[in-house]
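Paired with chain B in one complex and with chain C in the other, chain A is shared by the two complexes that follow.
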Partner chain A sequence: MRYPPDFRSPQTFMVGLRSVAILGVLLFLLGLFVAPDRAWAGYLIGFVFFVGLGLSGGLFLSVLTLAGTRWATALRRIPEAMTTTLPAAALMGIVLVPGVHALYEWANEAAVADNHLLQHKAGYLNWGFWSLRLVVYFALWIWATRGMVRLSRKLDEKDSIVSKRQILLRAIYFLPIFAVTFSLASIDWIKSIEPAWFSTIFGLITLSGLATSGLAVCILLAIYLKRGPLRHFITMEHLDDLGKIAMAFALFWGYIWYCQYMLIWYTDMPEETPYYVIRSQGAWAHLSSLNLALNWAIPFFVLMPKAMRRSETALKRVAWVFLAGQAVNLYMLIEPALMEGGPQLGLWEIGPLVGSLCFFLWLTLRALGDAALVPIGDPHLEESMNHHC
Partner chain B sequence: MSPSLHTGFFEDEHDLLSAAKECRERGIPVVDVVSPFPIHGLDDVLGIRPSRLAWVTFLMGAAGLAFGFGLQYWTAAFDWPLNVGGKPLDSLPAFIPVAFELTILFAGVSTVVALLLRSKLWPSKQVPSGLESTTDDQHALILAQADAAFEDSDFTELFERHGAINSQRETEATR
Partner chain C sequence: MVDATLEVPLITGDLVPADVTRDVCSPLEGKPTGLWYAGFCLALVALAIGGTAVLYQVSTGIGTWGLNRTVGWGFDITNFVFWVGIGHAGTLISAVLLLFRQKWRTSINRSAEAMTIFAVICAGIYPFIHMGRPWLAHWVFPYPNARGPLWVNFRSALLWDVFAIGTYFTISLLFWYVGLIPDLATVRDRAKGVRKKIFNLLSFGWRGTARTWSRYETACVLLAALATPLVVSVHSVVSSDFATAVIPGWHATVFPPYFVIGAVFSGFAMVLTLMLVARKTMRFENYITMRHIHAICKVVTFTGSIVGLAYMTEFFIAWYSGSQYELFIFKNRMGGPFAWAYWTMFSCNVIAPQLFWFRKVRNNLLLIFLLSLVVNVGMWFERFVIIVTSLHRDFLPSSWSGYTPTLIEVGSLVFGFGLFFTLFLLFCRFVPMIAMFEVKPLLGKRKRELQQTNREVA
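== the complex of A and B ==
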């Protein structure tokens, strides 16, 4: 068995990523003085984007382990590194706490005083409980993902013994914790911007975006490593399979988007319909179409032929389409209720979004250097390297 | 002398794969490979074209989609206009679920049917194998003699060099 070389990303690339991340922070701080409402909304988009990417790593690790997947063993360190960004995400979440009053109607005392519905929901939707829940979500996510990463790294040590049961247990813990807390977190952070509206599949709407954007980052990192230190470990067969999963999630995204839309359109209830009335008028309607094109139509049809899934260039482009799609998706989930005069795009939106993506990539690339680039102690590594799909 | 067929029996599929690779490099025609399970990488070695079955799936899926929309537009908006909750007669969102299901139904069923027709297979068809051991634990590589200079002993030598446990020769006459 060949060992992969120690990994260090090119210094200039890392400095570039870090500079853009710092620029994003500065733009956000400047925005707090110039246009605080837009700055907080932009920050929320960047924050949810960042958290989703980190959590997607945990989701892939858990699902791949529980499904008994062996082909992906050579890729395993990528989602592991992605989960190590969650403590940074927790810090970003704590920064969001003072912004609650700018973002959420239920945190505004004057608005609650004249709104009977908001008074009714005040027991759940209030500043203190909301902040407490945020801390609990992150504590659980960090605990559950750390367990999976720690065991996997322990396998790398010479003569270490880790039972399959321990590995499975960690993956089993993560899944139900993630399902419940991520759904609640989506409601807290995004849906409660429009507190009178409800949708029972909102957690799946945000999950589909989490999965497509997370897979996009996995694909980009896999290609990056395949061209560099992992050229003997990651093959076209792995990329083909990642492309297939990405195509499935593009369809899942469209399916879930349509499920929510169709039920609200069909029943036409006054408490639900306004959500889509805003999103189907004026410039918002064009953005809704763009959202469907970027997350469902383009990736789904582009990834359908095998030749496209076996082309690094095509896969890279689709991954960027997914990332752009997730940005538009979050913009469409968050901004229509906050921007009353129609969609606006400026430094206050772009700064935190691009900044958080660069911050995420910087942290992930650094974390990849903390352990061997492939799980060298995993008994399925050899099988994964010879994977044929 | 009529062209003869030479069959080598292998216990390990990797041995068969390396033998097939050599045949392809030296231009010895591979008639067929019979194996109890799919051998990864064999398609590439034998130069088998990618299956056209995906086109059947795609085209019949598209046909199912068109049929699904057509059926609903025709029945709900033209033949028997039906007012459902005051919505327009030709409401696209209402037609998507049925069209989606018909896409999958057409695509799925026609893929199976096309595969069976093209392979001339049907349930309960009896297929005499003639190579009984390949239904159990052996893989057979069947080669044809294209060059008179490549004699029987050369075939035996080729098979044995790659670890075949057995080989046999049959001519047009004995088949």
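== the complex of A and C ==
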């Protein structure tokens, strides 16, 4: 078997990504002086977007390992590289801590003083505990994903001995940690923006967005590498299967969205309905429809014919639709409660979002160069290359 | 390099295709074993006892049950949701695992699909007898009628159930029967006389030409794609019976996915129960191997853990919501008059499946069998807890009540099990339990692989 050449992304491309990322940081800093509330909200969107992409790498790795999936072995370095962005995400999280007062009503003592609901929740929703949880989440995520990545890279070394049990154990650790911490993190970071509102399905709402956007990045990187150094490793069959997963994720996204919407609309209880009252009025309503179109309808129906799943161009476009969908999704999860006069879109929102995406791609592409582009020590690699659906 | 062990084969015993035909057809052609007769008699007794209770209830009225104005649903709907849930594993195994190209499904899909059909039949019984006047059951269908402007209520989740379960039953039956055709033809080819004629009719005169097979495989994949959404939709709709209400403990947005995963969990536990029995009594050890059993155990642990996460999410959000009614219901579940039911549910569903983490447990067939029963009990109690504990404390304390099932209700529970096992045992006797034509290619592959390794070694 031929080994893929050492990987390095073109210098100009990397400089471009880095420049946009820095521009995003500068815009955020500028925003802190000009329009601090909008800058913090924009930053939160960028942050959650970034964390979700990194975590999705861990989720895919863990699930692929536990399900004993072999067709994806040639692709495995992509989610591995995505998880290496989590330490940077942790830093971004720490930057968010001073913004708590601008974003969350429960961090405002005056607001808590005359609201008995906020007092009831104060044991959970307070600045100190919130920050502590943020640190704990990232510590666990980084620990669990590093275990999987290090073991996988160890396999590449000649004469290294790694047992299947060790690989499985690392994958098993990740799942329960992820399930619990990610559910709580979505409450902490997003749901508590509207502290009176609650929904038990919320962890799955954020999970579905994480899955679609993470898969989109995987698809983009797979096509990028297929056109370059991995042309003998990644085949049309892999893309076809990624396309099918994309359809499944789009369906999952739509299903979870519908469950929450339908049940809240149907029962029409004053505790819950306000959430959708804002989101179904004025310009917000159009954004809600756009959200459904980008995350569910367009990817699902476009990828239905086999020819589309086997077209690199079509898949790439769907991946961008998913990424745009996740941006709109996060905007719709976070902004309606913070922007009172209707949706606004400006540099303060676009800057951190585009900046964080570029930062993510820059980090991931760099991490791809740190190890062989395919797990050369994995005994299932050849089977994956010959995968045929 | 990886310290890879040689993979355990899916079908053991180094069989050739003729062995498969012989092993699978022999229960159909010979006399059943004593164990089969014993089981069948037991199932018939349960059916008779339960049938008497149901007959008495239908002729007398649902006053024979322990329901009251506060607790309007009890054993009836608990049994209904329980059986609908059981069916889900069959559809998951046959449709979703087919699309996922999971080859281990081939040994168990036929019986799992049969289980689905029988479970849906059992489920349908309960809303039917709960009507009180089951002879008016056709009123649940929307059709132009002579009752004036009296139409079904399209906004009611109960009516959605009629459509969801009706579709589910139709597609499952079609899928199961289409999957049976080539095997029925195999049985026909071995039979003589009237038996041959019957099986020829049942297999639609299957000839097995290349063209037939090509059409056949397309039809199977299409049916699988149609059945896949049903895995999710049916229990989502069933969960809406509760979640569209404003009753604390019932209205939770997580209910649809949570019910679906619970259904898959209970269904796989039932598959485990049935397969362990079938394996032993029909001597299918070569087909339902330890690898299959391990795989099912892992699915049970995985889905059971998600169910546990859902319990904890519900409880946490009940506190987080700050709604005193929500919090009361959950505290009452854990420490109220039905606390025993709650903790039975919790220990059976969340704690018991965690034992499958240990390889020693996964290799002990008796323990697996017992644990699969424990999960079945736990999932029955889950529905009981959701239904009864949410109802027995009304908004007005003056309406609070209790609930004690009558013997007639217990009889209706027995009826479901009697019917299910009667049907299943008849299935074991008259239909090939293992999809022969799907298992045979796995043998071929293994032989080729062996020859190849032998050449390489030489």
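We adopt the following convention: the second predicted complex is superposed on the first by the 389 of 389 C-alpha atoms of A that agree within 3 Å, B and C clash if a C-alpha of one lies under 4 Å from a C-alpha of the other, contacts with A are read in each partner's own complex, and residues count from 1 in each chain.
The working rule: a residue touches a chain if its C-beta (ideal position, glycine included) is under 8 Å from a C-beta of that chain, and two chains touch if they have at least 3 such contacts.
On a predicted model such as this, the values are computed, not experimentally measured, just so you know.
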Overlaying the two complexes on chain A, which is it for chain B and chain C: clash or fit?
clash
Tell me which partner A:124 touches in the superposition: chain B (first), chain C (second), both or neither.
second
With the two structures laid over each other on chain A, which partner does A:266 touch: chain B (first), chain C (second), both, or neither?
both
Classify the contacts of A:340 with the two partner chains as first (chain B alone), second (chain C alone), both, or neither.
neither
First (chain B), second (chain C), both or neither: which does A:114 touch?
neither
Is A:201 touching anything from chain B or chain C once the two structures are fitted on A? First, second, both or neither.
second
What is the contact status of A:388 with respect to chain B (first) and chain C (second): first, second, both, or neither?
first
Counting only touches as set out at the top, which of chain B and chain C does A:6 meet: first, second, both, neither?
neither
Determine, for the superposed model, which of the two partners chain B and chain C contacts more residues of chain A.
C
After superposing on chain A, which stretch of chain C overlaps chain B: 73-81, 109-117, 181-189 or 379-387?
181-189
Which positions of chain A sit in both the chain B and the chain C interface?
262, 266
In their shared complex, at which residues does chain C touch chain A?
1-5, 101, 232, 236, 240, 243-246, 251-257, 305-306, 309, 313-314, 317, 320-323
Contacting residues of chain B [partner chain A, same complex]
40-41, 50, 58, 85, 93-94, 96-97
List of chain A residues in touch with chain C within their complex
116-117, 120-121, 124, 155, 158-164, 176, 179-180, 183, 187, 196, 198-204, 255-256, 259-260, 262-264, 266-267, 269, 271, 377-379, 389
Which residues of chain A touch chain B in the complex?
258, 261-262, 265-266, 268, 304, 306, 388
